[in-house]
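The data blocks that follow each hold one structure.
In what follows, chain A forms one complex with chain B and a second complex with chain C.
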Partner chain A sequence: MREPRWFQWVRGVGLCLLTLFTVIPLYVMVTTSVKPLSDVQDTFQWLPSVLTLEPYVDMWSTVRLADYFVNSAVVSLGAAAFSVLIALFAAYAISRYRFRGRDAFRFTVLSTQMFPGILFLLPLYLIYATVGQATGIVLQGSHIGLIITYLTFSLPFSIWMLVSYFDSIPVDLDEAAYIDGAGPVQTLWRVVIPAAKPGIAAVSIYAFMTAWGETLFASIMTDSDSTTLAIGLRDYSTQSTVYWNEVMSASLVVSIPVVLGFLALQRYLVQGLTAGAVK
Partner chain B sequence: MTVTSTASTAPSSGAEPNGSRPRRPRISKRSVPYLLLAPALFFELLVHIVPMLGGLWMSFLRLNQFFLREWMSAPFTGLQNYRFALDFHGAAGVELFQSFAVTIAFAVITVGVSWVMGLAAALFLQRSFPGRTLLRGLFLVPYALPIYTSVMIWKFMLDRSDGMVNATLSDLGLGGERFWLLGNNAFLSLTVTAIWRLWPFAFLALMAGLQSIPTDIYDAAAVDGAGLWQQIRTITVPMLQPVSQVLILVLFLWTFNDFNVPYLLFDQAVPSSANLISIHIYQNSFLTWNFGLGSAMSTLLLLFLLVITAGYLMLTSRRSRNA
Partner chain C sequence: MAEVEYRAATRAYPSTPPVRAVDSLDLEIGDGEFLVLVGPSGSGKSTALRMLAGLEDVDEGGISIGSADVTGTPPKARDIAMVFQSYALYPHMTVGENMGFALKLRKTPKDVIRRKVAEAADLLDLREYLDRKPRALSGGQRQRVAMGRAIVRDPSVFLMDEPLSNLDAKLRVETRANIAALQRKLGTTTIYVTHDQVEAMTMGDRVAVLDGGVLQQVAAPRELYDNPANSFVAGFIGSPAMNLETVPLRGDSVSLGGHRVELPRAAQAAARGLDEVTFGVRPESLRPVSAEEDGIRMDVELVEELGADALVIGSVDVSGVAKRFTVRTDGRGVPKAGEKLNLVLRDHEEVHLFHPSTGQRLVA
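Right after this comes the complex of A and B.
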């Protein structure tokens, strides 16, 4: 495509605007996290009056950040691990077998993406309470309850992505494994999974991010022992002050793992997206 | 492989070497896919399908704080909750309608702007130049951030009379301290915040779509004398239609159901100009403890989304077939 002059201008200006729009809030986040408290209580300044790392130290004692961090890590890792494992089995079935109900299953799972969370928040809460009363398994306010809830949030997309990855792996490989006497699970484990590693990595980070950022269900389904970061970070605003500098330093620390993971793996997410869209 | 067809009745005393004939699987072959699907199905049923049906059931009950403990014995009221929610002469009906209108406006603007920005950025970054990879990564950062951190940043910038936005406006001589998180300004704040964290997803999807368009089509068009703008209009946008179709639907459903951005941006006091439908239902259910009414509203919301989705898919599929 030959580019006329005007397009080069439009591109330059457009990219500048988009960059400013993206960068300014990020800049505010980073600089605020190294400001003393008096700075954030005063009129906004673009530069800190003094550079200080105090917010990064104090943020752990102002609220129980470490506890929230552990809760979020347990819940998100658990949800991601189970979600990917379950999605692997389901995607393998959809990709390699033709069976009755296959399309119905695909459609149902995808359509759950459409449900407004608010619709099943309360019934789910009551179901968890009822299960707790009946069996003694505490789902409400516990890590396991959140793990179960969150794993289903990423399941539809994970299955969809993995099906398109699996479809691109030649079936001959499976058949070779079958001839060697492997069952379906062994074939999945030894043949398909090693060939779909990038897709699995991408799906894992997606599932992790989904759980790490969830707020609506966390607002109802956690108690003071299982508070996740999404809810816990609000504790920095007290009646008298908001510790904005600590909010930003905590936000930064909390964001870095997911942002790096996402940027490292977004290439594979795109591959899965295009493979899915082409079909 | 050793042939051991005669060993069918003989008890195998573990003497068979590793390469022997595999044991016949105990489970029939036809049940294998169902077994593989079972865990996914179980959790989808537990967390999505059964609660959804439960919500449907609850919408016909008089389920308020008096019956919550014994929710299974709450009295059946038929369509009472629906009648109440849709009574546009009463306060509840008017509020629901306002919230609905706000949500539509919010979703249409957010999705439209995100799509345009995403397409522009994808086109700008199509050709390689120094710094392209850097910009591409940078644009994706807001989407990768956990929702609550991105909303916190915007809350900090918009908050207070001397926050970042007001301070900058007065530096630029556009003075006047405004309350961005109150009144009608709240709608603008909500929309900008939502766009900031959503448009990178449109960018990501459209960038992937652009890569699948073969470049020789452009060359052919250029030979025919089509300018760049014409090429974008007559080749790029139509060729992106399959990606855009899914993308716009997904973005619409996400923004229409959005809870996080308003909930985190305004805390408990969401101004009516930013009172999205999810917030409205949440407040009606969990603050007033009227879960029957909340469920009726949620069911209406689901019905609306079903109709919109079906209509949209029919419309866009027909158009792409005619094209």
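Right after this comes the complex of A and C.
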């Protein structure tokens, strides 16, 4: 059935508006990042009158951007690595073994996703403070504290997602590996994990991005030595000036890992690695 | 190579009451023998195979391979290779890597692996596919890779779990012959699970028929066909199935389609004292005769022409109830649906009699 002409128009206009809504902020971001500071502080111009790459150079010295980068990278990679490692074993156990408490565990993991994160902020802070007093291990303001925090965000979803991924891998593969002479760990490592690569990639990128962009917990749990990028971007606004051009250039650079992550994720998701395993 | 022995092996799934998927299976498989486990779905044939593989626990009894009791041994220590119904090829490995995986796990030197994989690939006509991933292969090729993975190991026992059921009909017949020939060539003890009784009859040195987790009969295909131990085996083996009806016994004969069929002399003594008997006759043991001759009257309902011969399916009056009978006739001059046919036994001895309640064969 052909769609009526008016519907085609409405759809076209609607999609154009949505596209503008998405693209304009990005456009403003990019153009602002190549304007000199004086132009940014003046009235807004759609087209930059002077093009400069200075903000991309100056942004590194205005604030300690490189340090923030390192902090974010350490925390995000750490959270992603631990998240994947723990989720792999947990999900494999849930997917392949029947044990007492399995359903309770699944439900608990899922139920943590039902509460808003801010509920955990204060309790977590108090726990960190108590642990710090009792053992001398400093968790507030340290990388490891933030890694643990972000782990609690991404781990439940990671486990859940990997369980469904493992469930889609036929148990026949595990059994073939057992018969070929592999033990449980070898089976997981040499057969199941390679077959689950797309799922693992998705989970690690998810965990990485969760940590990379997080601001609420980072604003409480970091100190000047462990400030992450999302918090550090605020440093471009000083009492006298807001370096809008550098805020934009830094934001663009900060987004690069996330964009790359998305691209990698997309490639893996369409790959369908298990095709040809059975039948 | 080795012989295999099930000793009252039982797999009971916990439930109330426990489900005995395989119930006290006693079975000995000789060195180099090709044994087929056959039965309908849920008969326990796959479970029995998986118990031998170590993928399923043995709850009672035991299993030996060669001289070793493997009842509690993990699969990797059993020296067996298995071909799965789904093939279960490792999707991220090439054909060559799939075939060599077991040897790699055993830390076999690389050049030995390469040589053995190449030998198996030649045997299975897979040489040119060694560098491909399973997803780039056809169903028949994947099946051969699964076979290759088993052969490369040079195990003491091959286990095959319905390896042909994902192939189309023509390829299945072809592969069936190839597997049987390969097994004779390698001489490796093989246990083959199928629900297809044609596969069972054509491939096995002996065939073990299972039903409800219980071994019904184990014998050479011919013996199974000619002398089924009970009415289940009689009905299961043979295509089309044996005509099998429980009928009242009148002296030394039964009445079928208004015709008195006298029991074979040897059976008469065994049937004495029974009111009823389960009477079986294979479709090819019946022969249509002209309308003037006395015979079992059948109303033809359907004729399936197979070319060389034809199957005539119709109803026969058995103690007042219309029962469906099948007759195999010559392919030329077949009767038409709606016609009436008189049938006689080709040979008086070619009937099978079973106890009406136990189902056991009445004469040896």
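One rule holds for everything that comes next: the second predicted complex is superposed on the first by the 254 of 279 C-alpha atoms of A that agree within 3 Å, B and C clash if a C-alpha of one lies under 4 Å from a C-alpha of the other, contacts with A are read in each partner's own complex, and residues count from 1 in each chain.
Here, contacts are C-beta pairs under 8 Å (C-beta built on N, C-alpha and C of every residue); 3 or more make two chains touch, one makes a residue touch a chain.
All values derive from a computational prediction rather than experimental measurement.
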First, second, both or neither for A:P194, with chain B first and chain C second: second
Chain B versus chain C as contact partner of A:A93, first or second or both or neither: first
Dominant contact partner of chain A by residue count, chain C or chain B: B
Partner chain(s) touched by A:P170 [first = chain B, second = chain C, both, neither]: second
Touching partner for A:G183 - first (chain B), second (chain C), both, neither: both
Contact residues common to both interfaces of chain A (with chain B and with chain C): 181, 183, 273-274, 277-278
Contacting residues of chain A [partner chain C, same complex]: 170, 172-173, 175-183, 186, 190-191, 194-195, 197, 273-279
Chain B - residues contacting chain A, complex: 22, 25, 30, 32-34, 36-37, 39-41, 43-44, 46-52, 54-55, 58, 71, 117, 120-121, 124-125, 127, 135, 137-150, 152-154, 156-157, 162-164, 166-168, 196, 204-205, 207-209, 211-212, 215, 218-219, 222, 227-228, 231, 242-243, 246, 250, 253, 256-257, 259-260, 263-264, 267, 277-278, 281-282, 285-286, 291, 294-295, 298-299, 301-302, 305-306, 309
Chain A to chain B touching residues, read off their complex: 1-4, 7, 11, 14-15, 18-19, 21-23, 25-26, 28-29, 32, 40, 42-45, 86-87, 89-90, 92-94, 96-97, 99, 102, 105, 108-109, 112-124, 126-127, 148-149, 151-152, 155, 159, 181, 183-184, 209, 212-213, 215-216, 219-220, 229-230, 233-234, 244, 247-248, 251-252, 254-255, 258-259, 262-263, 266, 269-271, 273-274, 277-278
Chain A contact footprint on chain C (complex, rising order): 53-55, 74-76, 80-82, 84-93, 101-102, 105-106, 133-137, 139, 142, 149, 153, 166
